[in-house]
Structure formats: C-alpha cells, structure tokens
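Chain lettering (A, B, C and D) follows the sequence in which the chains are written, and residue indices restart at 1 in each chain.
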Amino acid sequence: MNLLECDGKTLLARHGLKIPNGALWPRLPDHAGQLVVKAQIPSGRRGALGGILFADTPEQARAQAENLGRQRLGEHHVAAVYVEERLAIARELYLAVALDRDAGCQTVVSSPDGGMSIEEVSSARILKMPIDPLTGPHAFQLAEVARFLADGATDPQAFVPVVETLLRVARAEDTELVEINPLALLPDGRVLAADAKVVLDDNAAFRRSFEPEATLKAVSAQSALERTIGQAGAVGVEVDADGEVIAVVSGAGLMMATLDLLKTAGLRVRCVVDLGGSVLAGGEGLRRVFEAVATASPKVTFLNAFMQTALCDEFARMLAGAQEASPLAGRVVVRLKGRCADTGREILKRQGFEVFEDLAPALDALTAQTNVREGR
Amino acid sequence: MNLLECDGKTLLARHGLKIPNGALWPRLPDHAGQLVVKAQIPSGRRGALGGILFADTPEQARAQAENLGRQRLGEHHVAAVYVEERLAIARELYLAVALDRDAGCQTVVSSPDGGMSIEEVSSARILKMPIDPLTGPHAFQLAEVARFLADGATDPQAFVPVVETLLRVARAEDTELVEINPLALLPDGRVLAADAKVVLDDNAAFRRSFEPEATLKAVSAQSALERTIGQAGAVGVEVDADGEVIAVVSGAGLMMATLDLLKTAGLRVRCVVDLGGSVLAGGEGLRRVFEAVATASPKVTFLNAFMQTALCDEFARMLAGAQEASPLAGRVVVRLKGRCADTGREILKRQGFEVFEDLAPALDALTAQTNVREGR
Amino acid sequence: MAILIDANTRIVIQGMTGVIGRNLTQRLLSENSPLVAGVSPGRGGQQVEGLPVFDSCYRAVRETGADASFVSVPAARARDAVMEAIDAGLHTIVVYAEGVPVRDAVEMRAYARYRGARLLGPNAAGCISPGLANLSDLNADWLRPGPVGIVSKSGTLTYEVIDGLNRQGLGQSSVVCLGGDPVVGMWHAPVLELFEADPQTRVAVLVGEIGGRSELEAAAFIQRMKTPVVAYIAGRHAPAGKRMGHAGALMGRPEENVPGKQAALAEAGARVVDSLTQIGGAVRQILKAAKLESFP
Amino acid sequence: MAILIDANTRIVIQGMTGVIGRNLTQRLLSENSPLVAGVSPGRGGQQVEGLPVFDSCYRAVRETGADASFVSVPAARARDAVMEAIDAGLHTIVVYAEGVPVRDAVEMRAYARYRGARLLGPNAAGCISPGLANLSDLNADWLRPGPVGIVSKSGTLTYEVIDGLNRQGLGQSSVVCLGGDPVVGMWHAPVLELFEADPQTRVAVLVGEIGGRSELEAAAFIQRMKTPVVAYIAGRHAPAGKRMGHAGALMGRPEENVPGKQAALAEAGARVVDSLTQIGGAVRQILKAAKLESFP
C-alpha cells in the first residue's frame, strides 16, 4: 500500500520524527506565517505539475486548496490537499529505508544532496548501508550515515536519532519503502521530514494498527476489473484495454507463461487471472471471479488449468455452476489437465465449452478462430 | 568472580526473580515461621558438611548463626551466614544459564529433577538449549524449556518468565554461570530461587554496577602469593607450596611450557608467573612482582624471557633496579633472548645472575645445581 | 541419487493437525514419503494417521531424528515456525504459505543462511525426489525417476515442465520449487550447484521469471557448470509495474526482465528456450547429443 | 604463497592514533607490510606516519580498498570495532586486546562466522606471512619465508617455536596466533585447512594448550590431511582449577587435558612431541624423509 504524503508524515510523527505543522484541507494548520498547499498525489513530479503552491495568508491557502482539490495533475486526480507551514530550510538532504529484495535486508539510503530525485544524484554522493536482519542496526552504522549526511558541514549527532527512528518505523510498520526527500535541516539545527513517501507491506497488515486518513483509491494503481477480481480472492492483471481474450489460469507462474504464449501467438489479451489456491479450494470465490470476467464481456475466455492436487472434476462442477449463474457470452476455450480431468472435461463439454487436455491444441483453437493481430 | 549465595540471590532479585525472604546475619529476615540458617561457602556439599540448619524461632536461628559463623566447613572458613524463611516446596527443579566456550554461546541447562548435583541427573532428564548470540532467545525456546521443566505435571507457563529473566541476568550482568538449584515450585504455584550460584566475568566489571555484600576473600581460590602477584598486574599460579623454584616468564603460553619443562626435568616448582604485556611495559609493576617473589624466598628464581617487540636491555635495567630495591636471596637463573638481548644479558650478569641466551643451557644449569626430585 | 531429500530423509509437517496438514499427511503417506512426525504446539501426544505429533521441533528431532520440515502454518505464524525448525536442526525446510510479511521472510532467510539450513519459500511448492521422498505440494504420481533436475520459482509452471518431459519419456532426479515471493530462502544457483554434484542429473532445467537477480546469479554459476542447462524465463509480455501473481514477479531493471535474463543465461552457455512448450524437446536433444558423443 | 594475508593484503589499524597503534604503524611500515590506513572515530582527516586516518571502517574500505584489520583498541571497545570491521567488509581481523568480556567475544565470533570473516582473537598476537605482510604483534625480523606453517594459541610460545625452526634453518609460510581467551574467532582446524591448500606449506606445526576443544576438532581434520603435522600441547603440569595466564587455559574434562589432546592428535596421524624444544627437530626429520621419498 502506498501512502500519500499526509499519511506518511502522520506515521513518521507517531514514531517521533519531526514534521512540519500541517493539516489535511478543509482543516488548516494552526500557524501564523506562510503556508504551503500541496496536492496529495503519488508522483515525484508533483512540483513540476503545479501541485505545490505557496500562500501568504490562510485565506489564500484556502482558495488555493479548494481549487487544487478539483484538479487533475498529469494522470492523477488530486485525492486530497495538505496544507502546512512553509519552512526556512538551510540544507536539503535525502534519507530512506528501502527493502533490498536481492540482498534480503532493509538498506538505509542517504545523501547530503536532497530535494531532487535520488536517481539524479551521483553515486559518490549516495551511501547505501545494509542493515543486518539478525543483529539490527549497530550504533556505528547510525554514526556513519549521520556523518555522511552532515557532509563535514554540520554536527553529525543531530542526524543519529533521525536515522534510528526511521529504521524503527521501517521495522514496526513493516514498510517496503520509507523515503524522506527532502530531509530538511533548518537554520536553528532542527531536522524535519519535509516530504514522506511510504510503501507498506500489505502482508503485514494484520499486525499494524495504522489507518490512512486520506482516501486510498487515488493511490491504487488497480483498474476496476482488477479490483473486482481481487475482491473475489484471485489476482487479475489487465494487459490491454482493447484486448479480446481473458485468460484464467491455475497459478501465478503458469499465468505468466500463458500470457507469453497468447501474445506470442498474436492474440490481443485484455486480462490474465491467477486463480490461486484459495479460489481453487472453494466454489464461491470461483463463481465471483467468473462473474467479474463475465461483466467484462470478453470475446474469448481461455481457461488454462493444470492441477495435480486439486480435483479437476470438482473444479469443473464449480465452473459449470458459475457459468449457469453468470454466463460468459463469448467463446470459452478450456484446457483442463490433472487429477480426474477426464470427468471434468466431459462436464465442461456439456456446457458448450471447447475443451482440450493439452496446451498446444487449445492454443491452436484459440488462434485459428480469433483475430490475430497484424504484424505479429 | 564467584558470588556467595546471598549475593547471587540479591542479583537475581534485582532482575525480578523471586527469592525467599532472607537477610545476612547479624540481621534476620522479617518472617514469622521457621527459618533456615545457611553457611555462605562456595561448595555444593554445604548440606553434607553441616552448613545448613533449621530453626523454629529467631532466637534459635541467632544462636545457630553465631555458632556457624565461627566454623570451618571442609576446606572453607564460613565467610558469612544467611538466614531465610523455610519454604514448603512442592517440586525441586534445576535451571542454569552457562557459558559454553566451545559452542561460543550461553546455554540454558534445565531439568525437572533439581536439588542434587546436575552431574548426578541422567542425560535424558537434562535439556540443553543453546541461545544464539546474534538473535538472542526466541519465544519458542523459552516455551520449550518451560515445557521440559513442567514435565507434564504443571502449567509450563509459570516457568517462561523465570527462564526469560535468568537469561536477562546472564546478559545484563555478564555471567559465566548463573545456576539455580533447586528452583523451587511451591504448592501455591510460585517459583522461587531456593539457591543461587553465580560466576561473574571479571573482564566485564567496568560495565556492571553490582557490589557484593558478603566478604569476598573466602570465595577467592587464590593463595596469598598469587594475590600479591596479581595486585602487581601479573598472573601467578601456585603449583606446590613446598617447591624450590619460582619461574617468571614473559607470556602465558611460554609460562605453561616452562612449567612443563621444569617439572619434566624433575624440579619442584613453587609458583609460575606470567608477566603479561602491561608489566613488561613499565618498571613499577615489574618491581612489585619481584618484591612479591622475594617475600616468598625461593631457593631459585628462574626468569625466562623471550621478547621480540619489547626491548631486552630496558627490561634488564628495570630488573636490575628491582633487584636492588628488594633483592632475591637465592640463585637467579636468567634466560634472556630477543631485541637488544646482548646488552640486557651483560647488565644482568653484573647483578650476579646466571645468564643464558637459550633455553636448553639455562635448564641444564637449573637441574645441575638444584635438588632434583627422586623418581622423576 | 537425488538432491535435498531422498529415502533417508525424515520429514515432519509443522501444522500437521490443521486441514492442509492432515491432507498432506494422508497424501505423503500414500506415496510412501518418509514422513515421521508432526509438530503442533499444544497438541503434543496426539496422533495424525498414526504418526506422533510433538509440541515442538526440538522434541520431534530428539524423538524421531527428523531432518526436514514442510511448514504448513498460516502466514502470520510462518516466521516462528521456521526459526524454530532451523534452531532445532531441521536443515531442509519448505514454507508453503503465501502472504508472509517480507520482514519475516528476510529474517528466515538470514537465519537459514547463518545456520546452514536450506530454506525453500515462502510461497514455495517445495521439493520432490521421485520414488524417494516428497517434501512438496506436487503430486508424486505425475513424476518418475529420471535424468532431469528441475529448479523453478513456480509450482504450477513446474507441472507444465514435467508434462513436457513426460511426453519425451523423461523422468526427474529432483524437482525444486523456490517460491514466488520477492525474498525467498534459496535461489536457483545453489540448487544448480547440487544438481552439478548429483550423478543422476544429466540435464538441469531452470525455470525463472521476471524480477530479482536469482536467475542472473544462476547464469554466473552456469558459466562454470558442466551439466547442461535448459532455461526458460516467464513474463516477457508482463505489463510494466504490475505484480504478476507472484509478489516477486515484477518488471524491474532491464537486466531483470526476460531479454536481460535470457541474454545472461545464453551467454553463460545455457540453452535458452522462448516458450514453455519447447523445454521437453530441448532436453531430449541435449541427451541425445550427449549419448552420440559418449558412444561414437 | 601464504595463508590469510600476503603482499596484496591491504591493512588498516583500528586505533592507529593511540600509543600502541602508533608504535605498530611505525614497525609495520619499517617492515614494508602493506599498511594502507588507520581508523579512529572522530579523528578522520588526521595522518599517522603519512597514512590517512578515517572515521570509520566503511570509509577506509571505500577510500583504500582495505581488507584486513589489526584491532588495537581497549578491551571495552573491541566488540564494536570488530563488528564494524566485519560489517564494512574487512575479512581478516586480529583482536589484540586482552581482557575482552566473554559476551563480546561470543558476539564477535558469531558475527564473523555468519558473515564469513576470519577473526583471530581476542587476546591474539595475529598472523604474519614472512616477507609479504605482517598483521601481528610479532617482529618480522625474526622470521623468514619457508616451508613451515605454524598455528598456535599463544604469541610468546610461538617465538620459541620459530627459534627452534631457525636453529634448523627452516623458515615459515605463515604464522597464525589464535588467542588465549576461552572464546576466540578461529580455531586450529580452519587454519590447518588453509595450510593444507597452500602449496608453500610442507609441514604444519600445531601448538595447543589445555582447555577447550579446538585441538580436538583439529585432530578430526588432521585425519583427512595430507600435509604432515607436528603437534605440541602446553600445560601438562598445570595445577587443576587454575587459569594458566590465558583465560582459556584451564584443566577441564580429561580429553581436554594434555594426554587427551596428545592421544587424539597422535591417533589422527600427527607427530606429537612432548617438549617445546623438540618441535624444530621433528619438522626437520619430516622434511628430510619427504625429500628422500621424492628424490629416491
């Protein structure tokens, strides 16, 4: 889950990091001086898109926020507007804790050059400090990051608690990424998170109490079809809004391979669906997945199932039931293989589906009768 | 440092473990019922030696304690007497956290059969649970030890905090051993440390605040000569109270080898001394070591020094100074080899010492003129 | 021969008293897999299908000499189950659960590496050595002993590979599924290393997918490998920015996409096939060529 | 050849700005040991004998490519210094300090094993490869290159062994001192393993002492070792219950005393000598016999 800036900052503040005084519009922060009005969209190009405005008075801020809240910036609807005190910043730094999937650990990424995208900073000005999962961060690691941030210009000690806290956030909240850019060093020596980008690990939701305040829908990258399939317990991946084929597959790896086969055969694929273990186990989820597919009215539905542990005849019966409840309008091509697949295929043939045991003839059937894109 | 029971229990109680109500005589615990009067000596055979008495009244306890405090039990003077409430014990268990030098970790040793020496318990009734130094104890390890202690007879949950606390003691106080035998399960379900044996790592004294209440001298296994040498910053090991030779050596490994050579040559060795780096570095410690050796009036002092980094001539000058301040009465045989050893040997020859460069002739000189034990 | 598990392996199921655990117990027993016990805290002393259930891995190891575990517990409990298994000395461990928090996966992986345990998963189908032992969700009836070792992230994709080999009349030495999560215990390379040392394995099949560096590390090892390797990478047509069912399957840096991984593997000397359906034929060709070479 | 360190090693001294550190710096430079930098937190930017001092091992590694460290800091600070060295990627580390808390030694050792670093000490003289590099308290002038590898707990005892070899005109490939504390990083066996793989080392000398199982583990390895081993164990006449200068040298279980260790080593095929003074002669004999065999 990607948090918007306002929620990311709330999360950081909860663990003791300093953030600017701010409030989610229509509330305004209790602050006498200049204000910043910030569109809450998940984009690093927010400033360039006109999503950050400055106001001298609360009245001006209110007008700007109201206007901004109605806008569309680039591909994003503005989900919410966050208003906060305008900071006098002495130096802009960069600090993040990012999960490194290949190293298998959290890594502190820091730079004395903040305020721009970290991809634009030269590698000599970036320090990556991997944190050992068994020992956690060492004091000497925090000290090294702090020294790097201080860059010989200020007292490193001010940064040690900031780095420590950010690592605590990452651990306590199960983040995949928590990025502060810029980390603001104020003239009075205080260090504040002037922005916040937080990605939470959805798998850890059960042990996390945080509830985002801003609406999530703008943050979600899922399409409507994907969301419906997801709600049924499966994983849908939309490929091409104009595609004619929806492929429903019995597993993630086979789903990817099926998509590759269909695309290589020149077919236009709307969406691929990974049924996953829980859907295969019970009738209700499967019915809802097929309902979702039916509402998308694909010209062709390709069901590719190869199951060695679940029973294919039971699966076929569930499928037949789903088809009767919310029938698929177009062609349905089925490849069904596995335990008790003979019976399963018989059941599905009676539904009027085109049924095959092996992948190759099923693909042949699909390409023979479906429009193959030109210049495949 | 070995703590006496009373101090061990104070240490455990400080970390939250329950101990019986007790006080170091001449104080008495504020307790209405029966009392136990316990000689504070570092021996597991204390009960067999008559060091544990039971009293019905405070008056009786006072008389027993006064009497016990004047006694000698086996090889031990009774250093102190500890008086505590007499417990009604339902089951006696065993629990310890011991440093395993070979595994390189602390190990929880537990048995449902306490109250006797752990050496007498069958191995099937002992659970040894090594604690990984990088991760610390896991909840499932505590649960396993607790289950083993409960032995199917009581609720394991009562033991979990006891095991956890004992591990916290071991870590926080840098113990080499902390042993509770018996760990007492009372009829009301409480778990108490009915005895305590604690060995502290002397190297960690700098980060430990604990001060033992009972006198230490009875606990120390060091002889008077060893103590004096130790106070000078060297390590003395007394071998044979009737020995004629004291060997002073430039390093621990060489000290052991020198002892082996002397004993194999049939010489009777009173004591061996490892000068160690700090003594070799400065004159004052060396002078005090030689003072200590001089007070023991050995017939022969053998100085065996082979130094590749420290300078032998400086060492010889310090030695000459020490000899003038507190002369060694008997023969002094010196083997001096290393940097600037020629000058060093000249200096020592002028002191009247028998001086050699190599080990073999020095040993020959020692055996030729010293009484060699019969039947070597 | 085989890798990771064989007839001498002694398997426990952690979570044996749950529904999935009981089903798996029945299946493994029916396949004569060397299953010796179950572990379910609080249920020590019970039995499942005549096998003893212990309160902890420690007890299971002490009482039965167990050395491998199939961890069939809910995602939220997987971390502790794996840590205990490693600590108790079980050295081949499969984590079946999907949806394990990545922090937990990170800790399992680090602990397994530290203590020298072999961890498959989270989100892994496990491993099977046909005719000897099954520590996986795969159905042993579909496999038979043979010269081909398979290492794959995905379980369902592996069925398809096995089917392709079956068509060619080729059996398997061992089949190893690593799991589809972004952080898993073993990567492809150490499994290839085991296949390289296994005399039964004449050809290794590597099945990979987009995302992560496991296949790239494998390519580095294949350069020094004598056993021929057939490689297939899924996800060429995956849309950017989408997780492809596997949490770890995500378009990333160019070298982590299909062309990048294919290029690295081909350069290392693997026979790279573009389609899933070509794997069986490629293996058959290599075996045929090798036989012609050894019997000229 | 040599083991652990050679002319390509890049050494830092942690604690270079202290008295011992400065002395060591002068000595190592005078011996042409490949010393590249110092590390002293808070003193980054200073110089010692013309070498740069860095605030951290991380910076020293990044700026100089350092890969080995002599840790010359007070006992109370040794743990953090070693953990940082390991974390920064320094993979050969000597801890000179005596009196390090055993909990700290335990953590260093575990971290070194986990991360694949080679740790000598605490309370270790270190290691030296004569003519190539010195990462020890030993004086390089007393050594010269040759066919004998020495692994010992004690530094001072090692002088005596070297002296015995010098009398026979025999030099050393590498000399490794493990340290006298009860818990130290490396044991004898892994060093013997390195000697076994080193073509320069024709004979290995193992010097052990009472207490602990390091020499027993070494005996188990010597059974499979081709390089001949001469072994000596100190402490036969140590009185029971006393720490013999080394915190780890303590009479223990029978197999950990001199007769027990000697028996294990002799049974494993080592040439066991009773006295320190016999080591040189025993090595000479073995080399002579080997030469007669190779040039009949």
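Miscellaneous remarks
As a convention for this text, contacts are C-beta pairs under 8 Å (C-beta built on N, C-alpha and C of every residue); 3 or more make two chains touch, one makes a residue touch a chain.
All figures in this text were calculated on a predicted structure; none of them were measured in a lab.
A centroid comparison over C-alpha atoms places A as the chain most distant from chain D.
In this structure, the chain pairs A-D and B-D differ in their number of contacting C-beta pairs, and the larger number is found at B-D. Put simply, the C-alpha centre of chain A and that of chain D have 52 angstrom between them. The geometric centre of chain B is 28 Å away from that of chain D, both derived from CA atoms. Centre to centre, using the average C-alpha position, chain A and chain B are separated by 61 Å.
Mean C-alpha position of chain C lies 41 Å from that of chain D. Among the residues of chain D, those touching two or more other chains are numbered 111, 114.
Counting only residues that touch two or more partner chains, chain B has 132, 134-135. Taken in their complex, chain A has these residues touching chain C: 99, 101-102, 104-106, 132-134, 171, 174, 176, 201, 203-204, 206-207, 221, 235, 237-239, 249-257, 259-261, 263-264, 269, 274, 276-277, 306-309, 337-339, 358-360. Put simply, chain B touches chain A in their complex at residues 134-135. Every residue of chain D that touches chain A in the complex is listed here, in rising order: 41, 55-56, 58-59, 80, 83-84, 87, 111, 114. Residues 27, 75-76, 98-103, 105-107, 109-111, 114, 137-139, 141-142, 152-160, 163, 180, 182-183, 207, 209-210, 212-213, 234-239, 241-249, 274-277 of chain C touch chain A in their complex.
Those residues of chain B lying in contact with chain C across their complex are 129, 132, 134-135, 138-141, 143-144, 147.
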